[in-house]
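Two complexes come next, and they have one chain in common, chain A, joined by chain B in the first and chain C in the second.
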Partner chain A sequence: MRALARPSSGFLLILALLLLWEVSARFDWMNSPNWPPLSVVLAALARDSLGGELPLLLGGTLWRMFAGLLAGGAAGVIVGLLFASLPVTRRLFGLTVELIRPIPIPAIIPPLVLFLGLDNTMKVTVVGLTAFFPVLTNTMQGVRAVEADALAMGRTFGIGFWRRSLHIVLPACLPYVFAGFRVALALALVVTVVAEMIAGEQGVGHYLVLMQFAGRAPEMYATVILLAVLGYGLNRGFLAFERRALHWYFALGAQRN
Partner chain B sequence: MDFLELEGITKEFPSRSGPPARVMERVSFSVREGEFMAVLGPSGCGKSTLLQMAAGLLPPSSGEARIGGRRVDGPPPEAVYVFQQYTRSLLPWRNVRDNVAFAVEHRIGRRRARAAAEVQLAQVGLAGFGDHFPWQLSGGMQQRVAIARALAAEPALLLMDEPFSAVDALTRLDLQALILDIWTQRKLTVMLVTHDVEEAIYLADRIAMLTRRPTTLAEIVEVGLPRPRDPIATRELPRFLELRHDLLGKLLTRHAV
Partner chain C sequence: MLSRSVLSWLPGLLVLGLILLGLELAVETGWVRRALMPPPTAIALTLWDLLASGEFVAPLLSTMELVFTGFAIGSALGIAGGLAMGWFPAVFRLLEPLVELMRPIPKAALVPPLMLFLGIGTTMKVTSVALAVLFPVLVNTLQGVRGTDRVMLDAARTHGWGTAHTLRHLVLPAALPFILAGMRISLGLALVLAVLAEMLSGQGGLGFLILDMQRSFLIRQMYAWLIILAVLGLALNGLFLLAERRALHWQPQSN
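Now for the complex of A and B:
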């Protein structure tokens, strides 16, 4: 709160850099037609935003990103819980997962296009795969950290396996799940934009490439700025949501310190 | 009549190198219905292990436990295990009321479970604390919550693993009085593990003394102190002092061997 009210040194540095941008472009220090002044970029940003074009594209991008994030993340939680609590499933599927994991996600876009086309299905699938792995890894780590006493407590009251998983294991590893989602969120934005740049004619990513081809530098930079602000905002929003959802976890942490 | 019977219980844990480690060797004794039995033994002799086998949380390597004449394989509905470390068995994401309700909500539904929880909380002196979270309470209060939760399941047999070892001396006296009250009112059968000689004498009808590892039953001691017991007067009776002298001596020499 205080950091927002009083400009910190970090904030001042950003102001200085933006000022440098404006000045360097005004005096053409870069000697390039593709380095427009910040004020022109901001004007382009305002024009495209008010015109309604950019918000619409952004809405599509966000929709694809969240659909993929939720689907892939949910799969990561479920598979993570299964792997960690039923060793059979891990023996059966673990190797497959380990072999898919190291593939750089953008590399699977071309083959996926052949099967799923250029549009939403393909992009949501790619983002889903992106989100799946960090959530899976963190969930499994979380299950290992569940107190043995809490599980035995469930058993002594005659609570069955599924109910224990849902009411003891899942909440207990929620802090880990959230950590996985935080990583997945950042990756998901990257991969959504990359997928839009590579294939199809949707979203902010495609717009960015379009502006580049058209040589419209102000619009291009405006899009980059928009994505930077979006990424920052998403992360801040996520952290606020996490603090609310895991209030008990943060309270415990504060108590220990 | 014998309610809990332990017969020839042997426990081995697999060890990484060499043959399995034998922790416990053919321990047999019984707890009568309505009796208060204490189990006393040096640290690491397997008291918790024995109690967990009685609770059906851990299978014996050979021998068997019976509750009400039925062989224990898995947690029986008549028995509830109260953990040594309440911080690990209470769920930090549930408030106190819902922690207590957790013991029965899978059987009677959430609404009735919450109502039952209020009753139990009042019984342990925590009326009005339902909305607090466990980590907002003192250690002694948290252990009361754990006791209330155990009582909510309406067990016939309470298996308690050093339930008062983590609280200060005064709180311990309080909790001992509480347990004696509950035991008298509800006509429970109790087996309580402790390494505190005075606690064993003060609470129990009989004391099962265990040896060091490999652990066997050394002897069963009749306490024979009148009830109701008084936290001050009982501890000054000649019989109390005599027992304390005896048992401490035995524990110490066994430690020295």
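Now for the complex of A and C:
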């Protein structure tokens, strides 16, 4: 409300920077063909997203991102539940998982290309691998945070392992799982774009590199802006979804971390 | 004590060994194509050649230098920005909208524009890494500064501590756990961006080598360089955890 009444210094700063962008490009202060005015970039953005190929590319990128996120996230939850509730599995496979984790994800793309080619399968796998680790870590934390009382009560009532997992452990660690998914969501968008940049000829990432090589700067900046808006929107959307899905958790007065 | 920790590692090592053995057999029996996946022993030999000849040193150092420089610059800017925004409300009001505007940009998408401006050399790569590191560190620092104990701050004021003194001896230590958590997230990002920038610019370092080996169908070399990169990732992570524990020795251990 206050921002409407009197623009804060922060908004003025952004306005000034945008104005500087426009003016510096109009008068060619940067002395560079790669510095188009903001208005031209916005025009390119409007043109490409209304009539151009961008919506289709974006759809493909989003499809790969969500497919990878769901597959990797589901695997993360399952492995996390297993690792945390059956320590033996962690003993056996934990080391292998920990050795894969620190590999920077772009480096996994070249070997995967050999096995899975340049198209969707490879990209969804890369995104899945990215999403797997944060969800795994958070799920394990969540299981550890399940109240011992709830577990003991379940045992007292003679509820078996699987029902206990499904009806006590899973709901109790759901807030942690969601936190893991939120981290994974941001990473998934980045990694989808990275995979598209490095390999194949699909999606927004490839378009970005194509525009760079073609020297079409306005389209390139328009794509960056679009990705930023997308990243922001996805995070916002996820937070809203989390509020709905975990309403009982927030109703207990828990603070979002 | 030692034998106990060795024992706890044993099952994991055994499984890893079995996986490698299975891979070796799968390749030998022709179940996995040799052109895609050389047998682990062949990769190990190639890796040994790279290590013994010292060929690995230059690319490894080049990637490490990139990660460290970008990480240091990004962290320094992030900590300074976070402190200023957390301490001075005017700075917060000035910079907060800008930070919120820049934060959701996937930093990987900034590499192509940066290449147009800064070329494909070191400047571009360091800038990419520093930009990726900056925001998580800044946001975490800000959170840490905000979380400083009110009572302590009042006590500092009562004792007539100046701004610089309070920041240096009260706010910074109080925010340190948050700052280090942000830096730990950023370290992984720094490595990702470094590898990506090397791949896209087509020169220098481990990232470029891995992509280049794949495109030249030198598959054994590709896996060998990938292992070197993975070890670098593992070592950086381990070193950081160690440094974090030392820096926060005064904090009660959480687990």
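Basically, the second predicted complex is superposed on the first by the 236 of 257 C-alpha atoms of A that agree within 3 Å, B and C clash if a C-alpha of one lies under 4 Å from a C-alpha of the other, contacts with A are read in each partner's own complex, and residues count from 1 in each chain.
Note that in this section a residue touches a chain if its C-beta (ideal position, glycine included) is under 8 Å from a C-beta of that chain, and two chains touch if they have at least 3 such contacts.
Keep in mind the model is a prediction, meaning the values are calculated, not measured.
Ranked by how many residues of chain A each touches, chain B and chain C are led by C. When the two structures are aligned on the shared chain, A:Val224 is found in touch with chain C, with no touch to chain B. Contacts of A:Asn235 after superposition: chain C is touched, whereas chain B is not reached. When both complexes are overlaid on chain A, the residue A:Met153 reaches chain B alone and has no touch with chain C.
Those residues of chain B that touch chain A in the shared complex are 52, 55, 57, 74-75, 77, 79-81, 83, 85, 88-89, 91-93, 102-104, 106-107, 133, 135, 153.
Of all the residues in chain A, the ones that touch chain B in their complex are 147-150, 152-153, 155-160, 163, 167-168, 171-172, 174, 248-249, 251-252, 255.
In the complex of the two chains, the chain C residues touching chain A come out as 8-9, 11-16, 19, 36-37, 90, 93-98, 101, 104-113, 115-117, 188, 191-192, 194-196, 199-200, 206-207, 210-211, 213-214, 219, 222-223, 226, 229-230, 233-234, 236-237.
Residues 8-11, 13-14, 17, 32, 34-35, 91-96, 99-100, 102-108, 110-111, 113-115, 189-190, 193-194, 197-198, 205, 208-209, 211-212, 217, 220-221, 223-224, 227-229, 231-232, 235 of chain A are the ones that touch chain C when the two sit in their complex.
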